[in-house]
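So that you can tell them apart, the chains are marked A, B and C in the order they are listed, and the count of residues begins at 1 in each.
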Amino acid sequence: MTTTLQSLYRPSRLPVARALALRAEIEQFNADYCAVLDAGDIEQWPHFFTSDAVYRVTARENADQGLLVGLVYAQGRAMMHDRAVAIARTQMFAPRYNLHMVTNIRVTHESDSGEIEAQANFTLFQTLVEGATTVHMVGTYYDRFVHEDGKLLLKERQAIYDSSLIANDLVYPL
Amino acid sequence: MTTTLQSLYRPSRLPVARALALRAEIEQFNADYCAVLDAGDIEQWPHFFTSDAVYRVTARENADQGLLVGLVYAQGRAMMHDRAVAIARTQMFAPRYNLHMVTNIRVTHESDSGEIEAQANFTLFQTLVEGATTVHMVGTYYDRFVHEDGKLLLKERQAIYDSSLIANDLVYPL
Amino acid sequence: MTTTLQSLYRPSRLPVARALALRAEIEQFNADYCAVLDAGDIEQWPHFFTSDAVYRVTARENADQGLLVGLVYAQGRAMMHDRAVAIARTQMFAPRYNLHMVTNIRVTHESDSGEIEAQANFTLFQTLVEGATTVHMVGTYYDRFVHEDGKLLLKERQAIYDSSLIANDLVYPL
């Protein structure tokens, strides 16, 4: 198997004013997305995606080698919904609070058809009931957005996490 | 006693452009608010509130059940000032550095009278002198802002923290 | 030696609209700056500075006493380049992932000649390969920016870190 070590850095190819306008919109999207997840309304999560969207969670060490096989893969809202239900059930047995912090949003490309490439850094803090708060995962979203009926939706969210020790594969949505 | 488990998620009811403009202003407010606290100028803290404002710190597990009785409660600038003085004194005996990170700002409502509802996620890092940096608290602000003489002020800041182990009740302002 | 304990708080002296416009631009700058560093493209780092820029990393306890002698000092792109090369070499032996989160941006001054003073809070997370993610450093950037050929560049970045235990002096760029 041949893999190439590649830089995850993507230069931005947008005019500054356009990048700023899109960034403000995406910042709002990410804040809404995380507010739903942090409130535990996990079954609303698939509604932030287009019906055929891809959601993928990949370890940084795999992404660096161009390997996108990952910890989690879901295609389409139905698969995301199944996953949401499974996670909701797990949370009943080991309740915990989730808190996302999203920063460093960059808009790197907008195609003629209106598809937008962006990225952002995230931290997911988890607090077990009666326990301490820990940095559960940190990493970067690599996203593709589209507008549907004037509403921003994710066509692809690829969450690449730096953290190398993940306790279980029913990881909360990033 | 009957309590209802309730979602802390608040949908936004604002036009996008208005939400963006208010968010930028609130982001600046929060940055100023935290800069004062992180610099240790804790006695300036009450000036970010209206004279009759409410400041409340509540554990997530209580907030989820609709209980707003909390770790900290202060009403009005005078009570906040007393609290600031008490904390300043404690800090002399166990000096530490505070650093706030605020992200995920959402503006969820603006009333006809100009009262603004917003939220934001926060992390408070603490560093003891000669010690390590720890995640002291993470959580969400639920705020009500008003303008007085063109200046944004908090009429209510309710900080709901996920972290379940808090060492003492003289917690630094969030 | 006489040193005075001084507040690191800088009040903002800019009109609100101008502060907001500059903050958006600086937020974009910081996101690009960190994206390059987090991707490991450390040799690109000096290009975010003017040719004669100053980069300095100082412990909070020294900065509070007005002492700017610090952990790291580099003047000019050549010195920064040497430093980048040295760090890149170290990383080969003890590979780790870096992730910066930057928030709480404040623009505090703009001079007639167009020099901009700003600050921001940062967290640097580090993840050792096969290890856990830790909060490596938290602190505040105190920056001076200028525009060269329409491009924002750092004339000075002073990173003041709260964290008091730093393992080695080849600290990754902040």
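Definition applied: contacts are C-beta pairs under 8 Å (C-beta built on N, C-alpha and C of every residue); 3 or more make two chains touch, one makes a residue touch a chain.
Please read these numbers as outputs of a predicted model, since none were measured by experiment.
Student: Given that chain A and chain B are copies and touch, would you call their interface same or different according to whether over half of its residue numbers are shared?
Tutor: The interface is built from different residue numbers on each side, given that under half of them are used by both copies.
Student: Please report how far chain A has to rotate so that its Cα atoms sit on those of chain C, a copy of the same sequence, as a value between 0 and 180° in steps of 5.
Tutor: About 120 degrees of rotation relates the two copies.
Student: In whole angstrom, what separates the CA-based centres of chain A and chain B?
Tutor: Each chain's C-alpha centroid was found; their separation is 27 Å.
Student: By residue number and range, which residues of chain C touch two or more other chains?
Tutor: 24, 101, 103, 123, 135
Student: Touching chain A in the complex: which residues of chain C?
Tutor: 24-25, 27-28, 30-32, 34-36, 38-41, 97, 99-103, 123, 125, 127-135
Student: Tell me, which parts of chain C touch chain B in their complex?
Tutor: Residues of chain C touching chain B: 7-10, 12, 16, 19-20, 23-24, 60-61, 101, 103-106, 119, 121, 123, 135, 137-140, 162-165.
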